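Here come two complexes built around chain A, the first alongside chain B, the second alongside chain C.
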Partner chain A sequence: MNYLRRILTIVGKDIAAEIRTKEMMNSMIVFVLLTLVIFNFAFGERLEGAAEASAGILWVAFLFAAVLGLNRVFVHEKDEGCLDGLMLCPVDRSVIYFGKALASLIFISVVELIALPIFAIFFIRTSFLVNLWLLILVLILSNVGIAAVGTLLSAISINTKARDLMLPILFFPVIVPILIAAVKSTGLIISSPSLPGDVFVWLRMLAIYDIIFMLVGFLTFEYVLEE
Partner chain B sequence: MPECAPSLISVCGLSKTFGRRRVLEDIDFEVKKGEFLAIFGPNGAGKTTLIKILATLILSSSGTVCLDGIELKKDPLTARERIGLISHESLLYGDLTAHENLRFYGRMFGVSNLEERISHLLEKVELEHRKFDLVRTFSRGMQQRLSIARALLHEPSILLLDEPHSGLDPHATEILDGILEDLRKDDHTFIMATHNLEKGLNHATSVLILSQGRIVFGGRKDALDISDFRKTYDSYVGGHV
Partner chain C sequence: MRDWIQRILFWLSLIGIIVSIFMIFFYAPIDRNLGIVQKIFYFHLPVAITPYLAFFVVFICSIFFLWKRERRWDVIALASAEIGLVIDTALLVTGTIWDKPTWGVWWVWEPRLTTSLIMWLLYAGYLLLRRSVGEEARRARFAAVYGIVAFISVPISFMSIRWWRTLHPLVFKPTGIELEPPMVFTVFVCLIAFFLFYLCLLRQRIGLEFLREGIEDLKDRFGGG
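So, the complex of A and B:
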């Protein structure tokens, strides 16, 4: 219980700081909306009936926006040695990992919920509302993986000189399985007015990936912080 | 030899290497309850690394450190409950208020009666009137005072100080010294790393000189001839006092 309470304390602190500064959310929202607008101008009508291409656009926008946010996850912790302050707390290092990952998950999800209606207006011609719950499930599972991988790699890159460049270099190759599963499942959902059975294969893949990377983060975060 | 010596803090055969660079080598010392150990040395001597190892922020490469009978590597979580760190960095979040910062750290340490404790400490460091202001609007001296409140929040018995006077104006230095003196009366145990000989000798009961990662001098202050000690220090640090 204490473990969870302390995770939520970190999440609460990050949310309070973000509400005050809005620097992470603002840059992510502006970026994702601009990307969708630009793709709309670039492809427009040509994407009609090409659900997978539309889904690709959506996830490329989401992933790049997520990187913008993930790059900032530990920046405030480095200011004035706050990461040392966190590490001095009598809690397992995994509490810090899950706290930061959960905060990132919330920020990424909020940005996506704002961007999703814009994406629907620009790129979706069929009604996918019957499968909206499925789309939300895809978003949740993908975001868990993005936050789990991104938080771990953000902690690794924060101590490097070119940290803004380092995170994307480390992040994108590792996140490819999530990108593929998210694009495939989103494509199936937005192209079909009925329940697409194949989507569950991709959802299973996302769930497995999430579990693996949360485990990796849980087991390795201590060494990432201390070395 | 027992794993942990009876002193409150005992460091035995401690070494630390970063890659091929050996930063600390074969460090041994003990500190009894209520003592104030000042560790002197020039920049790059390994003082901050030593403080960080004692604070459980980094792992030593070899050797043992025991705090109050707890071996750091075996039980770092319990050791952290007894350690307070005041460094030249405040370890405070600029985008949170003074109260929010203390509440955050208090919850992370599981402090009971948190609001009472926060009020008491803010009064002690004379920041009660600024408790709802963002920390980034504070002067360096105010941030350092709040940093002291943060370090004392969970009532640690051991205080680690890493260049705590760095960047402070004379008034803020005076306040910090006053608080440290008050804490000494409460039987806290201190280890302070500094290259400021005056400040260190002012507070210390024991001294160490660290040079190139090795202890080159150590002793009790009351047994020292201060002018000889200054000469010794100068000879190791090349007069950079």
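So, the complex of A and C:
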């Protein structure tokens, strides 16, 4: 279990740094709220009772906030020279990958859990609390995929000249299946208390995506961090 | 063009394309339902298949580059990505022209068309990434990793878009094309001609990249600006 402990050490370091500075989470939360408000003005009353459309808004807000956070994953590591320190550690490169990905997963999930009730108050007019566990499952599965792809691509984009500009360009086309599956399943869950079977098709899609891209990240990350 | 393989490829693809154009207009019969518009199909099909082939080449070369660390794999990947992107653009254009008479609108969020668009965005990102990394070794590594990630995401995107569509059935049903034997034969010839054309472009682009590198080397050696 040495491997797991090393991963958790990196996660612990990231969480400690984030608790002290709070710069990433604070801006992500405010950003999500701003996006929800802007969408409200952009679509207005057409959103009343349109559960699937509001699910789309929720996920656009979450994805944009995730990119905002993922952009920061390696900024401090790079600028303060911590990345060199991490690379000098006598651990496998995949430990760094999983550590960073798990930390991003935690940050994104916390932001979403804070934003979700506010979204519900703003946009949802039906009772969806019966299936709350399922909605949380959708969030977790989607976030695993987002963090798995995002951490890998963030490590690439931080080393380019365009930096922050590069990540969304690389990230969004790869993440399309997650967006589709997350929007569809969220829409189905919040639109009616009875559970349609289609939800599980999308959950399976999310799980397959997660497994494939965790594997790809695990196999290719060492080539990104090789100097 | 001193390279004789390249010369043969050039002439073969030129003759192939001339023969396919001739066959499209004079050999293959005019489609009963769609009329003359159906002719675009002979161009559309090879154009639809070639990007997948080109991006598959990018994928394979990316893996080989990370494994063997030889410059040429990176150069082939770059060449294939550029050509794939150009042909994908042609696919999107012919696709919209094809949509108009068959479905009545220019664009349908239909799985194959949508996947081509996402593929276009993926590989536009790939080329932008290459431009954004100055150092050569690093550029090749990053591009290889993204070349792998992008290609793996294509079938997953296709699947998710298809499910997204089947759970929400299409408003516009595509009109079925019944292919007669001369039509099938024409499509086959077009496919081969286009494949040769891709190979010809690929070799040309690879040669160009090596020439460019040669010039950089000479500049470094003689201190030219």
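Convention: the second predicted complex is superposed on the first by the 225 of 227 C-alpha atoms of A that agree within 3 Å, B and C clash if a C-alpha of one lies under 4 Å from a C-alpha of the other, contacts with A are read in each partner's own complex, and residues count from 1 in each chain.
Here, contacts are C-beta pairs under 8 Å (C-beta built on N, C-alpha and C of every residue); 3 or more make two chains touch, one makes a residue touch a chain.
This structure is a prediction, so every number in the text was calculated from the model and none was measured.
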First, second, both or neither for A:K13, with chain B first and chain C second: first
Touching partner for A:E226 - first (chain B), second (chain C), both, neither: both
Partner chain(s) touched by A:N159 [first = chain B, second = chain C, both, neither]: second
First, second, both or neither for A:D79, with chain B first and chain C second: first
Which of chain B and chain C A:V149 touches, first, second, both or neither: second
Partner chain(s) touched by A:K184 [first = chain B, second = chain C, both, neither]: second
Chain B versus chain C as contact partner of A:R5, first or second or both or neither: first
Touching partner for A:S194 - first (chain B), second (chain C), both, neither: neither
Chain A residues contacted in one complex by chain B, in the other by chain C: 226
Sites on chain A touched by chain B in the complex: 2, 5-6, 9-10, 12-13, 16-17, 20-21, 76, 79-82, 84-92, 226
Parts of chain C lying in touch with chain A, wherever the complex brings them together: 66, 118, 121-122, 124-125, 128-129, 132-134, 138, 141-142, 144-146, 148-150, 152-153, 156-157, 159-161, 163-164, 167
For the chain B and chain A complex, residues of the former touching the latter: 52, 55-59, 77-78, 80-81, 83, 85, 87, 89-96, 100, 104-105, 107-110, 134, 143, 150
Of all residues in chain A, those that touch chain C in their complex: 149, 152-153, 156, 159-162, 166, 169-170, 172-174, 176-177, 180-181, 184, 198, 201-202, 205, 208-209, 212-213, 216, 220, 223-224, 226
